[in-house]
Amino acid sequence: MWFLTHAWIIPALMALSFLLILFFGKKMPKKGSEIGIAAIGIAFILALLTAGSWYTHNNEEVEGHGDAAAMADVQEGCSNEVDHLAAEDHGEETEDAGDHEGEEPTDVGDSDEGTDDHALGQSDSGEYAAPAATSTAVASEGEEEHVTRPVVRCAAWAEIGTPGSSLITWGTMVDGQSVLMLVVVTLISLMVFIYSSEYVSGDRRYTHYFAFLSLFSASMLFFVLAQSTIQMIVGWELVGVCSFVLIGHWWEEKPNSNAALKAFLTNRVGDIGLLIGVAILYFAAGRSFSILDLNILAANGGISHGILLVASVCLIFAVMSKSGQFILHTWLPDAMAGPTPVSALIHAATMVVAGIYMVARLYPVFFEGLSISGSSVNFLAIVGAVTAMFGALLAFVQKDIKKVLAYSTISQLGFMVTALGVGAWTAALFHLFTHAMFKATLFLGAGSLSNAAHHSFDMVNDMGGMRKVLPRTFWTFIVATAALAGIFPLSGFWSKDEILAGHGSLFSAGGNGTYHVMLVMLLIGAFCTAAYMTRTIWYAFYGEFRGHGTPHESGSRITVPLIILATLGAVVGVLNLPEEIGPFTFPESISLQFEHFVEPVGAYFPTISHAEFNIPLAIFSLALALSAVLLTYLYYWKGAFKFLHGLSERNRVAGLGKTILVNKYYFDWLYTDVITGFVKGPAARATNWFNQHVLDGIVDGTAKGAVVAGQFVYENIDQKVVDGAVNGAAITTSEAGGVLRHLQTGRIQQYAALFFAAAALLAGVFVVAIG
Amino acid sequence: MNAQLISLFAAETFEVPANIAFSIIAIFMVIAAIRVVTTDNVVHAALWLMVVLGGVGLNFLLLQAEFLAMTQFLIYLGAIIVLFLFGVMLTRAPLGRSDDLDNKQRPIGIVVGLLVLGLVSYSVIKTFGSDKLDFSAYDGSQAVAGNNRTEALSDAIFSQYLIPFEVISVLLLAALIGAIVIARRD
Amino acid sequence: MTDFLNDWGLILITFLPLAGALVMLAVPKESEETQKTIALVASGAAFALGVAFLINFDYDSAGVLQYVVDNEWIPIINSRFILGIDGISLPLLALTVLIVPLVIIYSWNHIPSPGNPKAFLALILLLETGMVGTFVAQDLILFFVFFEIVLLPMFFIIGVWGGPDRKYASIKFFLFTLFGSALMIVSFLALYFMSAEQTFDMRILQELGGLDIARTTQILIFGGMFLGFGIKVPMFPFHTWLPDAHTQAPTQGSVILAAVLLKLGTYGFVRIALPLLPEGAQWWAPIIAVLAVIGIIYGALACLAQTDMKRLIAFSSVAHMGFVMLAVATLTDFGINAAVFGMVAHGLITGMLFFVAGSIKERYHTLEISRLGGLLISAPKLGWILGLSAMASLGLPGLAGFWGEFPAILSAYEPAPMLSEPLFRTLMVIAALGTVLAAGYLLWMYQRTAMGTPPEEFADDPEITDVNTAEWISWTPMLLLIVVLGFFPSLIFNMTNPAATAIAAAATGG
Amino acid sequence: MLLTQFLLLAAILFSIGVYGVIVRKNGVLVLMSVELMLNAVNINLIAFSTYHGLGGQVFALFVIAVAAAEVGVGLAIVLLIYRNRRSVDIDQLDELKG
């Protein structure tokens, strides 16, 4: 329990590591990398302990009934809805059992005993009717009531609005989903940190690299543990900025900084959706950012369908940018400009799945808003399926091994999004989990290859025949490729199959809806995946070495993480074995463990149904993958299908297709040249012109007008009329003066005489006349 | 001496000799003043002026303003006359006689002077006629004895007239500096 | 201590800088160190008082005026000398008394040409008195007097110590704001004559809440204030003085202009226009909101076309103040909170950007973006500080800018009940688009100035050094605050929330 | 003694002073005439002070002080004029001629 309530330590540790590296890193013997590795190592251990703790917590007998009991681990004040539930439940309880201590929810504080007592107290006092907003899922399953009890801790962040009812909180919301991400993020981070200490050694900004890698881990963990949507935004943007910094790690070269900018700006475009979506949900949930509140309300009809639909479309927009979905995927391949470990960590395993995670986190919003259940098409599924298929096609024409992997990532993320879109929630997260392992292996393997090939990623021109020189890299790459292609019994097979089954179409049943079109698209995507990965292996590892110099195997700090990750990528599939495969049944203790661990059951999660494992579909998809491998093998290794070679040069249609693919469906052209070009160029210039000429023109014109008017007044009225009068007077005066000037002798004494005489005369007048 | 005694002394015992003294002094003063404005020797003019100023001081004594009289003697006779003599010498004025000291406005001057004199005399006589001097205002509220009149004067200067006094001091300073600035060779 | 603050605190904090300026006049021109010390001590004392206020302020009743000083002033027009602070004034007051000493420290070895630190620092201190006075004045005439006091020193700072085009810029600045002020004082007078009490006391006027003034009259009076305050903000289309003033002003002038002066306008809206004229505010709110959003997009687009760094930052101010005004126009507690936070955040961030721009100008003798580059190589720390400020400026969460920008967008989703929801929601979306453009122009600017390799002409320039001590001292507090406020926004919201709630209630007549 | 006798004496001295100011050509002599006028005034002041208290004496004192200052400055001016023109003839100072 301690680990669940103190999960905040993990991101805080990484943030501390960031500061330490930033300020003291350069003075350390290993330039700060040791701080980062130590911190992430501890974080990983803590994450594992948290996972263990969650496992126990989750499997504990649920004492008490209803959602109030399930939410007993939610700290007071973190969620209005839960407080509401608790109060309701509590009220009934005190009615029924007068002997209860009457422990008010208000004094729960952070004492876990208090909440436990509360739950115990309930079980003592017998059966209670579930409150109004209870989950029907729990009741309908009937058997044993398993309810997920998220552990939520929060602190006030700010209060904006009417005091008492509009507190913005931040904190941790720990349940299976966030624990899973904790483990994934810390594990991959640990591997990448170790790998990087060799891979980027001697780099010009080695210390900064580790600092920002730490900051990235901190932000990602902060995001994963988010208790409120606003906290999610913060984490979301912070990982974005870390990605920006790390993509642009070698910013001396223009293409790198361009890629960084592109990534950041594209994400910003998506962020509009996030900001607006969160704003809508904030007001819809009665001025609350709490994820729990939102989910409870959305799952139980507390928010109208229309609002949920708009909000989910807005949020999908955000997913498109962050998780590289069509049509905002274009930044992801360019993001490969960053160091390879960064690509592995950020642009394959963790940051890019933030979108998936966000959808999964707010799943009731999407589930209800998009009416996933009982439908056959929805926006989320379309986006995912299109991405999965077209992304895979793009991977075919890439020469750069990292770009192949980037498009592969886009495509695989499409799989996950589709899974969420069709209601296969667990499958999506399971695929996220397995994909993180094998895709990280692939990226790190690509890094190892380029290390040998003089830092080139061009597999067509600079690689080839590497299998003999880099045996460890080769074998791990092969394993990860097989997993990615979904070859039995590697992990990719299980997770991909679950997604396919979740469509509720073609051989399978038990899904939430019947998504035929998406299934077909995903199958095409899966076929392509197997094919382009085989192509990659051909170019990288077989044939003659086409580069220069003598390649050599990388050191142990590179290969050990590779081996660990490849092993994991191979075996983690067993974590979610189905209950039965045809005649075989797996004991309960080992089947669907992942699902039990991750998937929430309760008021804050919609009721989703789970597809059964389906042997025909599994065999069909496996056959597709194997045939893809075989065909590609024949094409490259054996030179079969001669007519295909050079087809694009001969056939107009094929040529056009290839051109479209090479130009990435012209999205880059559209964004960079058309939209950005327009905004930066004509639009900005027009605005500036407007400012300088129209607005400033008006201002200057007014000023000039005032001056001209002034001049007119001066010349005509002042000079002619007024001055005329004045001048007239002056002329008269001057002439009179001409007469009188003779009096002015300049002799002071004359003046004195005049003065005295005049004074005397005047005084005389006074004295004689008046006095 | 008490106040009564003084007024007695002033009013009666001193009446006649004072009048006689005044007449003599006044005649000398008028003659001397006329000489000041008519003499054709600059230095003589200064010396005649000295006579007038001394007479003024004596008049002060007659009016029982002994402090003022002393001041008059010290400043005018002591300082200002010397200053004039310096002025005369520094401007290389002819030390002997000269015919060129007056301009051509003598008639105008006489007319204006008589006009002023006539007017002032007329109004003075008309207004004050034969008012007798009494020195009661000197004693005013305070019983004056011995030197106390000077004391009262100083009291007046440093209390009631403090600010004008200060202003005058500043003026003196300014004049001093001004004179130096104007007159110095540079 | 409390008694002292009650009786003398506000008077001292307002007039200490002025006293410093007067003392400085007595110091001979040659002893520059003494002048700088006097300036620093005077503004430092004001800062210390500001800290004392921050400590002793009663946050629980931040919605009511505290430390009120109420003395007779001009009895013949019933104008009184009333000072007081509440949760809206306090953060801005604190911002002012913080920024000025930092500017003075920065000036220690950065006196712009043609020199004469005595006059320069005295003007800055005079400026401080004006700014502080504006934030604490609770009488319309007093407010107006302080509001105008600010004008003159700034005019001279731009006109004397400015760039090559300083005359044009300073006169434009002066005339523009004076024009606004003229209309503003007319509005104040109208308010005086129209209201039942015939008083300039804002407390009484706010209590009356414009109830005794007819709606059309209110709209007209608000119009005058709108021009007066709107020019100062500045709102589109009255902003054209700003880029010129910023570009030509010396660094210190730019910093104060951006950090504090622009806030006088928005503060005027929040403090005077909204609560005193609720019905006028409700009529004008949609117009203000539309202009604010035009300002956001327009400012951003204009930024993209700029070739001069300072001018770019100046236009970004137009965009950012657009967010503040959008928040104000919603007339909600949320919006006003966001607006005040936005003011403080913008003050810190844009002030910081101008500081950095000034330092770059000093080193490179140009701010032409196309000529710069590779700042991260030539002066890495300066480059990182520029990066952090740019990130904060584009509203990155975890830094101060976010808490001004996001709540502003949020508040536009649900404006006050009498305002049109569809309009404000549309504006919200457009404003959100503005955040993308903000990221665009700031990062393009950053890319072109800081990234890449230094251009030939500056490659080995010995003048291009990294951040020096005076710069560190004056920048560190601002940088720290940018980060701290990003993570602990309640530091500001605690003060503003009660006051903002009260003002929103007054503005919506509730 | 009568008040009038002093006042008449003062009047005579004053008129003589006026005559001197009007007639005398030499700057120093003009100043002397001015002194005559000032002293006449002083007599008046003292004479009246027998009626009205010490104020008159105080003012006479001030007049003396001012006169001293005036003489100082006046002589300085005369000196300057002399230095510039080698003459102190006031007749020749006719810059004010219209």
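The letters A, B, C and D name the chains in turn, as written, and every chain counts its residues from 1.
The rule we apply is simple: a contact is a pair of C-beta atoms (placed from the backbone, for glycine too) under 8 Å apart; a residue touches a chain by one contact, two chains touch by 3 or more.
Bear in mind the structure is a predicted one, so any value in this text is a computation, not a measurement.
K.L.:
Of the pairs B-D and A-C, which shows more C-beta pairs in contact?
P.N.:
Between B-D and A-C, the larger count of C-beta pairs in contact belongs to B-D.
K.L.:
Find the geometric centre of each of subunit B and subunit D from their Cα atoms only, then give the gap between the two centres in Å, rounded to an integer.
P.N.:
Chain centres of subunit B and subunit D, defined by C-alpha means, are spaced 10 Å apart.
K.L.:
How many angstrom lie between the CA centroids of subunit A and subunit C, rounded to a whole number?
P.N.:
Chain centres of subunit A and subunit C, defined by C-alpha means, are spaced 33 Å apart.
K.L.:
Compute the distance, rounded to whole Å, between the mean C-alpha positions of subunit C and subunit D.
P.N.:
Spacing between the chain centres: roughly 67 Å.
K.L.:
How far is the middle of subunit A from the middle of subunit D, if each middle is the mean of its Cα atoms, in Å?
P.N.:
That gives a centre separation of 100 Å.
K.L.:
Of all the residues in subunit C, which ones touch at least 2 other chains?
P.N.:
If we look for residues of subunit C contacting two or more partner chains, we find none.
K.L.:
Counting only residues that touch at least 2 other chains, which ones in subunit A make the list?
P.N.:
Where subunit A meets two or more other chains at a single residue, that happens at 749, 753, 756.
K.L.:
Which subunit D residues sit where two or more other chains touch them?
P.N.:
Where subunit D meets two or more other chains at a single residue, that happens at 18, 22-24, 90-91.
K.L.:
Make each chain a node and each touching pair an edge, then name the shape: line, ring, star, complete, other.
P.N.:
other
K.L.:
Taking the top-of-page definition of touch, could you list the pairs of chains it picks out?
P.N.:
Chains touch in the following pairs: A-B, A-C, A-D, B-D.
K.L.:
Would you pull the subunit B residues touching subunit A in the complex into a rising list?
P.N.:
103, 105, 108-109, 111-112, 115-116, 119, 122-123, 126-127
K.L.:
What part of subunit B is in contact with subunit D in the complex they form?
P.N.:
Contact set of subunit B toward subunit D: 15, 18-19, 22, 26, 29-30, 33-34, 36-37, 42, 45-46, 49, 52-53, 56, 59-60, 62-65, 67-68, 71-72, 75-76, 79-80, 83-84, 86-88, 90-93, 100-103, 105-106, 108-110, 112-114, 116-117, 120-121, 124-125, 128-135, 137-138, 140, 152-153, 156-157, 160-161, 164-165, 168, 171-172, 174-176, 178-180, 182-183, 185.
K.L.:
Show which residues of subunit A lie in contact with subunit B when the two form their complex.
P.N.:
749-750, 753, 756-757, 760-761, 763-764, 767, 771
K.L.:
Mind pulling up the subunit D residues that touch subunit B in the complex?
P.N.:
Interface residues on the subunit D side: 1-9, 11-20, 22-29, 31-33, 35-36, 39, 42-43, 46-47, 49-55, 57-58, 60-62, 64-73, 75-80, 82-83, 88, 90-91.
K.L.:
If you look only at subunit A, which of its residues touch subunit D in the complex?
P.N.:
737, 740-741, 743-749, 752-753, 756
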